[in-house]
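Next come two complexes, and both contain chain A; in the first it sits with chain B, in the second with chain C.
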Partner chain A sequence: MNNEQLIETLKKIVKPYIQDEAAFEDLSEETDFVNDLKINSANLVDVILDVEDEFDIEIDNDSMEQMLSVQAAMEIIKTKLNQK
Partner chain B sequence: MVGNDIVDLKLAKIESNWQRPGFLTKIFTEKERKMIECSSDPFQLVWLFWSMKESAYKCYVQKKSIRFYAPTKLECELLSATEGLVLFEDKTYYTNSKITKNYISTEAQHIRDAKTEHYHFEFNTRTSAKQSEIIRDELKKITATTLNVPFDSLSIKKNSVGVPKLYLNNKQLQASFSMSHHGNYGVYSIVNTNR
Partner chain C sequence: MTAAQIIAVLPYQAPFLFVDTLTAISEDGITGEYTFKEDAYFYKGHFKDHPVTPGVILTETMAQIGAVCLGIYLTRNNKKSNRAPQVALTSSAIDFYVPVYPGEQVTVISEKEYFRFNKLKCKVQLFNAQDQLVCRGFISGMINEK
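So, the complex of A and B:
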């Protein structure tokens, strides 16, 4: 999976939780889940669970701790996929 | 230092499914999960603990300017139905919650019983930006009165980690405050307003 596909998949995952449409339209690697997309922090856990389901990976607590942006999520997903 | 968080209970029911597999283990410690399991109202305890963690986290971020997402690292203890502690690393945060049938609102501080000014809102708009503006305006109003300065000389801007700060004519004030809104409800808390 290349970066573009990864971003597209992430976009699909976060869509139900975003509260800023404009930031969602402009989503890039730099986008922050909370500060930009205004995802409720209680829903971040849903994003993480959905990522686990979608990619069939397990996101441990140390990785989850960093998962605040699209870029961080992409790096974690790539690392976990490589470990499979 | 004060941090707060509010949860609209009706919206929480729709937005989050706390019974979803994995949800509780990603957010709560084993001890907290046991308490939730044994509770007569697990839904309420889930959101009480959540608001305690979130408000303590907001205190921490104000002080340290470091963001992270590690809800299980902050552990809640209840001292009474509405008072509690949140333990994180070597720090203790003291929490006070307000539980109504509509919302749960928590205020966390690093000093026990420090005096705060706080105000709860019930909105007739669901637009997030509009709600945020209403809370900011009220916070500026009360600060203008406390400091005896014109309303328009005050502004609120977020810093690099997304923490809002009060400014008087572009000079940052040392006031610690926190704002939260969710669903139909909002709250601000403020301490130590000095020039």
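So, the complex of A and C:
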């Protein structure tokens, strides 16, 4: 999966939880889940659980705490996929 | 952890404590009961001359027994103090079927959907003393042990 496909997949995952439509339309690697998309902490957990299901990976507490932006999520997903 | 120990650390008190007893406690779910007091303050206004337990109070009862009591049990091993945990309701989706009048006893049955990264999501049902389903739905919250 290339970066473009990865971003598209993440976009599909976060869509139900975002509060800022404009930031969602402009979603890029730099987009921050909390500050830009205004996802609350409870829904951030849902994003992580959906990422686990979509990519069939397990996110631990340390990774979860870092997963605050599209870029960080992409790096963690790639690392976990490579470990499989 | 016993029912009495769980109730003792609940971060609520009268007139906003809606847990009397817990009758079943496990990793997967919890069952508890509450009897609505005839003279509870909200019956004066809901409704005028026709007291009915408000849906928000039924939802609160489901959340206190089904999510907060269960959350306290699930985090029993990483408690740092005897203080009440910090809890926050993050979502609720409840359907209501029959009314609950002053003095009625209700039973809340909650099943854990998941508990991860401090978020607890539960499938919760509330029954009256005739075993009729009063309301049911999903409740989620965050819990942080102090």
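Following the convention adopted for this analysis, the second predicted complex is superposed on the first by the 84 of 84 C-alpha atoms of A that agree within 3 Å, B and C clash if a C-alpha of one lies under 4 Å from a C-alpha of the other, contacts with A are read in each partner's own complex, and residues count from 1 in each chain.
As a working rule, a residue touches a chain if its C-beta (ideal position, glycine included) is under 8 Å from a C-beta of that chain, and two chains touch if they have at least 3 such contacts.
Bear in mind the structure is a predicted one, so any value in this text is a computation, not a measurement.
In the superposed pair of complexes, A:67 makes contact with chain B only, with no contact to chain C.
When the two complexes are overlaid on their common chain A, residue A:3 makes contact with neither chain B nor chain C. Look at A:45: by the touch rule set out above, it reaches both chain B and chain C.
Of the two partner chains, chain B is the only one touched by A:35; chain C is not.
Annotation: chain A residues 40-43, 45-46, 48-49, 61, 64 touch chain B in one complex and chain C in the other. Residue ranges on chain B touching chain A, taken from their complex, read 7, 12, 15-16, 20-23, 26-27, 50, 54, 67-73, 128, 158, 162, 182.
Residues 88, 90-91, 114, 116-119, 140-142 of chain C are the ones that touch chain A when the two sit in their complex. Taken together, the chain A residues at the contact with chain B in this complex read 19-20, 32, 34-35, 38, 40-46, 48-49, 52, 61, 64-68. Touching chain C in their complex are the following residues of chain A: 40-43, 45-46, 48-49, 61, 64.
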